[in-house]
């Protein structure tokens, strides 16, 4: 039997600090025979001073992947693949299929006239359109056109399928889902639509056209769902909001200008488990380092620059995808002196917020905490 | 002593039906001497089968009032008047200063360079701009420009003053407040700002520019107030939302297309006690008759037509103001074959909804109820 | 035509201060002909510096009324009277049927075997049992027994009837309703049950027995109504809670120990428009003077003492009823050196809170404000 | 390189069904070199038709563990161990320290005069007292006495320590925490109190004595925390609520009588991430089989019987602990003909509910679904 308590030893009051003895080793054996064990042999490991994410900061270059993604359309048909997607595999999370934390993401391509089989699942899903023309999605009978840089949600438990019109062009978009989370929470379900694809039951684009007005909603709207009835957020609208914000705000040193996609019926996130935002870095802007709980997937919607994540530099340009694990310091830098850069992000912030788990810390606060002998500013707060 | 129970007599089980007798009259005298009385002498009167509003449907023609309003600027200065407003007096509510129910409304005018003294009160207030150039309001230090047909809120307990820039033109707008309600609820307060007018503490138009984006809000916005951070709702945005809605919806036979002004942080009304909406009647559209609880003040934002309110026809054109009392049947009619008409409305719906007092009935339901011997469809429901 | 603006004159910047002139009088005439008027002629009156309630502090002695109430059972039958109630008429509110503000209250008596006709209405209702045995109420088919000092709700729009079992004793209870409010808000409805009385559809006392547990609720309870599923709050439970509170709290100098009756599914008030609380004054305790918005009706549940309301002393003992109008200073005093006194109160606090109209001020704050030249501490706040 | 897509093959439209080819294998190699992969090689595995929990139904007999737990007090001191706990290790989750899903549980013992070092963490915690006298906990300065069968919460981020009074007896209680979840969500933090133990800052038991009243809460309580201010739920109160419920309800065939511990300020669960309930099985009662998402830890609070979990029988008596993994069919059976049995349960239902992930199915619905060719009743719903 291997020593365990000793590996776990920390010499501080309030932490487990037990040395193994022959008597204890024998005791541990008895416990194990009853499918139990002594907490103090693992306590420090399972209760770290601060989060120790296994996910690794990574960036995927679109130009490296684009041809392979397009090639997938030659290799498999959408109806064979279920969904024809090349997914991002985080080196620290290979067993989960996640790109960071419990979030999954991949690049899906669709040729004119093609469509995915309609289905639904407990996982929530979203898309951010990268290129092509004539893409659409159908969510619970609502058919919605998708243009480059549009953000669209397909909430959990909703029937959905996607395609490209016959007269369109081959499209590529980023998929984001919380499939890994649903698996690890033991509540993943899957269902296939009784027909290959849904028919539109409502006028084209009825959801965004009805609910995306500025400052208004349809009278007597009675929206009980925990997702945004806007469903598709056009880049034009989002970018205009950022430009308006820029007219009256100096922005935030940690985030530049950032707008969060919302459910206008309650001001909350667009879906129950995943949220999204668009961030604008003004000409040459650099943000100040901080870290926060939650897992974050970025796509560069506009511009070029780089981010320092966990001490490592990742250069990016339009359509590149990168991830920031929980509790990892980062900064963003716009390398263009004459234009802004825009970063689209989706994340698990709704979970952090609903469960009371959001915590953030600037690098300055971190340094201050270190000086006091703490591991982070979580320690020693009033 | 006058007979009372007898006046109150109704010959139906469940209603008061007591005839006066000498013995009872003597009994009533004893009760009155102790500042009490018998419920059955007034029960039917104070518990009617359905609401009996004292407010009267009325319409005020803008063309009749415009010159008088402009003339007020010659007669009194804003600093003398407090606010230089000609208010609408409902013939059934003269003792309250209300135009309908517990809502007050009037026309305020302001010349270039003029402004009202800054103040705050427990009453909530709003404006809908009718004409002129260069109007602005300052609400708790947020300065906001106002153009024709814009809707702006000045929530209760917020410091506010209004004016017209030196280089503007004489402006007229409609004020709406719930002053009478605050009085009757015994909670009206008033306070005068320590200076004649507020200085802008924030960039011009910062609230609408920050919060009126389509489908987004500033990240980390922490809005605890029970009013909309958008504050000013431009007619352009509102009209565009109605046109978009028209592309995908057939509208409602009772209301045409209607969008409600919202607080995007919770989907609720723009203020705690007053709400607003804009209604579009398409070319030649007529709505179907219904009635509802709540008091409603309309301003014609666009077009010409008429409304039948409580059986009486009221013809209207742009900038006319009319009111619909609670529980009064009404229809709206657009007389233009080639253009839509738009009706701005403010009301006390937040109160009806928060207190669980909203009830509505179509004329068809009313006729059905009458056939069953009821006074309205409130009676006999399952 | 009478002068008006002059009566309204206040010589302070930010208030209306216009003297009548022949020209203005002529102008007012023109306005009136168009059913309008000048705000500055009434502005100061309708926008007072602080609330000016028309309700008067009053107390009704139970011993004065008891015989008259009992006598009413000889004079009218419940089915004639609708409800056989002697109501409290506030001298300042005689036209409304209210005992204070927009609240109605009265004393209802019922003999063994009698019952009121079943009915429902938009007004909310409650009872506090004074004396007798064998009383019950039936609310939407839930039959509930009522003992002395129990508090029971009959929420708006719920069918309800009350009675006394054949083997009971003549009962008297206090009714509280917001009938006057429903009238003045133009949303009062009334309906009579198709049968003389409801049959119990559920086991006796099922609502309190299911929902009044300490710290628990039935699993999977899905309560959508805006009222408490407990429905009946026994004095024993309430008094025990106050005694427990007294073990660990010094109480509040303005209120002694006070517990609010709640809806345990949301922590809110027991009904949408009326709330209730029970207040314990310890041996010889006197509270400190303050005032608040809202209208309050008290019944002495236990003990004897007096209250100073608006500067006037009202001595009370068990079952006496008294009222405190909005924005009126008051204190309570327990005259018993050896026992506590308990005051039951119902009020319109849900309205004040939902509409953002609650404001309170201690007498000390008031004096401080006066020193600064203000009318109350509403003025001059940061 | 190993074949992957083929292992993942399902021959159904809407599922991944791609056979490996040399060309595809080469393609996969290219993807892997870029830290990506083809979704269709893992899609069916990561998107199962229904949850596939790795946790195993297990039961731990208290009589087997009691002596070992007591012995731990001889072997390590609380200040060495941090917390002196023997934890339950689910055979399917050994790498996580969980007893089921992401929930941790163990048995903690404390001798008279001993106490754990005070600390706080992002994990939420709770205790259910098994035996002994004189136990207490201190949570953010609130000292609370703990008796057998009491349920007490120590919410996340609150300072807490536990001990036994000098004049008490050795105590054993069950700890429940969501430490594993905090780890896997990458948001676990830990902090040690600056002193060995907290001093009580408030009167003993102030939280339960103030907030556990039936149907009432302290007036003007302004509780912003997402946990119950009652903090300690006595078995007596809980059992009384179950007995009262039994007087008026036939119970539920799937659960007998069940009451959920609540936060009375909002009707929600006692903490943000973990909930609890107490279930009463009447004399000889057997429940009907169903399954649901979420992870559940039970302690037998009273009586003896057995449960069938995932097809396997687990016999239990007082103080035994057993777990039901997500989406696993189960029934409970009271073996006593003359007395009820009570099961205490804590679980992650707040997470399931807040994230919209709760789904349940009776065995009858399951059989019906199988007949239609589905895997569960999730499939084929309208």
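Per-chain numbering from 1; labels A, B, C and D assigned in written order.
Keep this in mind: contacts are C-beta pairs under 8 Å (C-beta built on N, C-alpha and C of every residue); 3 or more make two chains touch, one makes a residue touch a chain.
Please read these numbers as outputs of a predicted model, since none were measured by experiment.
Student: Suppose chain centres are the mean of their C-alpha atoms. Which chain sits farthest from chain B?
Tutor: Using the mean of the C-alpha atoms as each chain's centre, the farthest one from chain B is D.
Student: Kindly point out which of A-D, B-C or C-D repeats the A-B interface, defined as over half of the contact pairs being the same residue numbers.
Tutor: C-D
Student: Averaging over Cα atoms per chain, report the distance between chain B and chain D in Å.
Tutor: Comparing mean C-alpha positions, chain D is 52 Å from chain B.
Student: Averaging over Cα atoms per chain, report the distance between chain B and chain C in Å.
Tutor: Chain B and chain C have C-alpha centres separated by 27 Å.
Student: Hey, how far is the Cα centre of chain C from the one of chain D, in Å?
Tutor: Distance between chain centres, rounded to whole Å: 44 Å.
Student: Which positions in chain C are in touch with at least two other chains?
Tutor: Residues of chain C touching two or more partner chains: there are none.
Student: If each chain is a node and each touching pair an edge, is that a line, ring, star, complete or other?
Tutor: ring
Student: In the complex formed with chain D, which residues of chain A make contact?
Tutor: Interface residues on the chain A side: 12-18, 23-24, 27, 30-32, 34-40, 42-44, 46-53, 55, 58, 60, 64-65, 68, 71-72, 75-76, 79-91, 97, 101-102, 104, 106, 117-119, 121-123, 156-157, 179-180, 182-194, 196, 226, 272-273, 293-295, 325-327, 350-352, 354-357, 359, 376, 378-381.
Student: Show me the residue ranges of chain A that touch chain B in the complex, using the header's touch definition.
Tutor: 202-206, 209-210, 212-221, 223, 228, 230, 233-234, 237-238, 240-242, 244-245, 247-249, 252, 255, 258-267, 277-279
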